[in-house]
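One chain, subunit A, links the two complexes that follow: it is found with subunit B in the first and with subunit C in the second.
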Partner chain A sequence: MTILRTFRTLFAAGLILFVAGVAMAQDRPRVVAVNYPLQYFAERLLGDAAEVVFPVPADVDPSFWRPSISDVSMIQSADLILLNGAGFAAWVDRVSLPRSKLVNTSDAIEEQFIVTESMTHSHGDGGEHSHEALASYTWLDPTLATSQADAIAAAIVSRGLASQDQVDARLEILREDFQALDTQAATALGALEGTDIIATHPRYQYLARRYDLTIASLEWEAGAMPTDAEIADLQALVDETGARILLWEADPPDAAFEITAALGLKNVVFAPLAHGVEGHSYFESFTDALSEMAEAGVP
Partner chain B sequence: MNALYLAFAYLRYHWARSLVLTLVAALILFVPVATQILLSTSERALVARGDATPLLLGSRGSQLDLTMAALYFSDERPDPVPMHEVETIWDSGLGIPIPVHTAFSSSGFRIVGTTLDYFDFRDLTASEGRGLSMLGDAVIGADVAETLGKGVGDTLVSSPENLFDLDGVYPLEMPIVGILAPSNSPDDQAIFVDIKTAWVIQGIGHGHEDVVTAAEVAAGSEAVANAAVVQYQRITDENIESFHFHGNQDDFPASAVIVVPNDTRSGTILKGRYLDSENPTQLIEPAGVIQGLVDRIFRIRSLLDVVTTIIAVAALAAIGLAIFLSYRLRAREIATAVKLGARRGMVLRLLSAETITLLSLSGIIAGLGAAIVSRNADAWVSWLLALGS
Partner chain C sequence: MIRKIALAGLIAVAPIGASAHQLIVFASVDCEAVTVEAKFSNGNAVQQADVRVLDGQNNVLTTLPINTDGTVTVPLDSVDHSEGLVIEVDTGSHDNYWIVTPDDITRSCQS
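Up next, the complex of A and B:
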């Protein structure tokens, strides 16, 4: 009898907790981020105060994602939409989003953007006009990432998603982490000054500028086996630059590593973190990549 | 009771004359009442739109043109205001700026390019379909749907700015994705698109065949393509990726910017920032502009009241005369009634009952008419105001 009563009490308590949990989950504000770093920074700053969503599927490049109508509807209903700026996620120009919820986290660092290419053309009798492209992976420079985190913190407070005190305290810790990462990167990559590096994709412009690295870029598909033509291009680039390190966005097939190693290159997988790495945070992934690069730089 | 019965029998016997007298009297009562209802509703509707729009930012110039273009989507074309003014308001943190771009039209209805904040601000919801999601989507007002007989899944094509503009703005075909619930406001007469879609119509943004090769991108070299690149006139799933904008969005145009200040203090601070007459932009209170316009328009109301009164007096006199003459014509009939034993009071009661019955019927008809006008006044006034624009 006593056991039954205890069971009932426990069941009732569990039910109340479950209902409360469901209600809380429904009541929590929602923040949408256009890439993993922004999602991570927002989660660090918000704690449990809001749900932070990064809606791009893992197998899709967030820069070129095409949201469906239901995706757009979900994003429109968010309380805050975090944009990276610098031309990242061009899809935001092709959908309707409420301006009152948008925050461009790189507004304050526009002066520091890197212009990567320009293209000029004309339409009919119209005058010529140019397209300018910007390097987008701003978060690979910890100092720029700090500014982006500052912008997120300000947006969270101004929209009342968390208290000023809590956000300030969390931002302080986050800033310390960025500072530590910057110091670690400067130490790890300092030895690579003067060493030519080739990247399989042009993702590392801000990293290169911050730490005085010389990185030439190819246009290989992430994680794919390079074609013979691509290997020939790589060979030509190695001959031209004398590069010793090859940066990969994602792990390619083992055979690819063997081919590039045969060209005298040390392979380093440096995830550019537009998507998170399973089981690793932004800082952990960044730190791991730095260690790999430093190791590769040892003759 | 007997007098009423006899009066009603008499009126029924002379039904044609009774009908004419009843209708004329009903009209005399109805016209001034209906006019007053419509005028009051118009005044309320005009002022309400202004009152519901706290502040309006636009290029310095005619405040009336700016207000009419931004609130009533009229044909006025105020000078465009650059979008960096919108960002300035955002950065101030003093209010929410909502740009409206009203330069284009389709099938006789104004295309209003704006942001999703406009729908929240005006409390507009879709009665069919969905809201704006993708570049090129159009959501139409209830009157547009009814007049054009279009619904969700149909398309609209933007009109060129003028017939001779062969090399300028390309018409853009836009799918209708939603129909707004009626709001008895100019929003019922508008075609809403994202402001970026309005920029595509304007030619600032466009999609076209790819002119950059992967090799050129890889080399990071500057590619030059002077070929006449084919532009798309319809945004589809297949070509939406190719749509892009030229230049800095901060320099892109809007017709006006509705500004919703956080509070009275914020509104005052904002107004203070645009007082300088050298500033190319102005921040106005549309309620004041509309009130001035309404005051001017409704000065005619007093004149109308006088005219109505004179006509009513003349018509009442005519009815009185008609009744008097009919009594004269009935002199022999009345004399016969007296000879049959009817007293003078009885005859008077009979005639009074006839007159009261006539006027009562007229009053009931006029009252019913006024009730119908009153019930539909909002819709009719909205339609009349839209005709005006």
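Up next, the complex of A and C:
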């Protein structure tokens, strides 16, 4: 009898805690981020004060994600919407989002954007032309990422999502982490001076500029087996540049590594982090990639 | 510590005057209709395009030709808009979209 009573008491207490937890989760403000780095920075700055949502499925490139109507409804109802700017996440220009909740985290660094030239094609009577674009992976330069984190911190405080003191304290630690990452990157990548690098996709412009790297780019699909034509393009680029390192966004099939290694290239997987890497934070993923690049630079 | 900035060969600054245009689609709701506007980023109105109206399940509800001024009006009572609408504009060489949520429609009727 006593055991039964104890069990009931424990069950009731557990139920109350569960319901309270669910209610708290539902009551928390919601912040939406358009990529993983912004989600991570916001989580570091908010602690448990808000739920931070990055709504893009893991198998979809966040730059080109097309949200569903229900996704947009969820985003419209968020308390804060964190944009990357620099042309990242084209969908944000194809929906109505409440201006009072929008924060463009790269407003302060617009003058540092890198202009690129994207696809060239022709149609109608317009002749051949190119669509101008911006390199958008700003967070691969830790100094630009710092500025984006500053913008997130200011938005959190101005909207009352967390106290100024708490956010200031967390931002100070986050800025120290960025500083350490920048120092580590400068050291690790310094050894690659004069080393030509090829990337399987043009993602690393800001990294290249910050650390004086020479990176030529292909347009390969992340994680896919390259075609014979793509391998031929790579061979031509290796002949032209003398590149010794090949950067991949994600692990391709093992056979791809074997083919590119046979061309004299050292393979390095450097996740560009628009999506997070399972089980690794922004800083952990970044430092892992730096170590791999430094190692690949050793003759 | 950081060495002087030197851009890699992959970064090409777009030449000034390059013919650059992309399709821009915008849709507004006024409680009775969705007004779709489509133009190229160089300011020219789209003169020929199909405008597809889809529901929340991506079913095509109707397809309309765009007017020569780059606009088309979709009366709300002509489509089931309970789950919102996706407006796709396709010129044959460029395409883009705009998403109208149920809240967008509700708000337009309150203002």
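Structure notes:
The rule is short, and it goes like this: the second predicted complex is superposed on the first by the 285 of 299 C-alpha atoms of A that agree within 3 Å, B and C clash if a C-alpha of one lies under 4 Å from a C-alpha of the other, contacts with A are read in each partner's own complex, and residues count from 1 in each chain.
By our rule, contacts are C-beta pairs under 8 Å (C-beta built on N, C-alpha and C of every residue); 3 or more make two chains touch, one makes a residue touch a chain.
Computed from a predicted model, the values in this text were never measured in an experiment.
When the shared chain is aligned, subunit C comes close enough to touch A:211, but subunit B does not. Counting residues of subunit A touched by each partner, subunit B versus subunit C, the larger count belongs to C.
When the two structures are aligned on the shared chain, A:114 is found in touch with subunit C, with no touch to subunit B.
Judged by the touch definition given at the top, the superposed model places A:96 against both subunit B and subunit C.
Of the two partner chains placed by the overlay, only subunit C lies in contact with A:183; subunit B stays clear of it. Contact with neither subunit B nor subunit C is seen for A:166 once the two complexes are overlaid on the shared chain. Of the two partner chains placed by superposition, subunit B and subunit C are both touched by A:72.
Within the superposed three-chain model, A:158 lies in touch with subunit B and out of touch with subunit C [touch as defined at top].
Comparing the two interfaces of subunit A, the one with subunit B and the one with subunit C have residues 66, 69, 72-73, 76, 93-96, 116-117, 121, 123-124, 126, 129-131, 202, 217 in common. Considering their complex, residues 86, 90, 93, 96, 98, 115-117, 120, 130-135, 137, 167, 194, 196, 203, 205-206, 208, 211-212, 214, 216-218, 220-229, 231, 240-241, 243-247 of subunit B touch subunit A. On the subunit A side of its complex with subunit C, the touching residues are 66-70, 72-73, 76-77, 93-96, 114-117, 121, 123-124, 126-127, 129-132, 135, 182-183, 186, 190, 193, 199, 202, 205, 208-217.
The touching residues of subunit A, counted against subunit B in their complex, run 64, 66, 69, 72-73, 76, 90, 93-100, 116-126, 128-131, 158, 202, 217-219. The residues of subunit C lying in touch with subunit A in their complex are 1-14, 18-22, 24-25, 56, 83-86, 92-94, 96-104.
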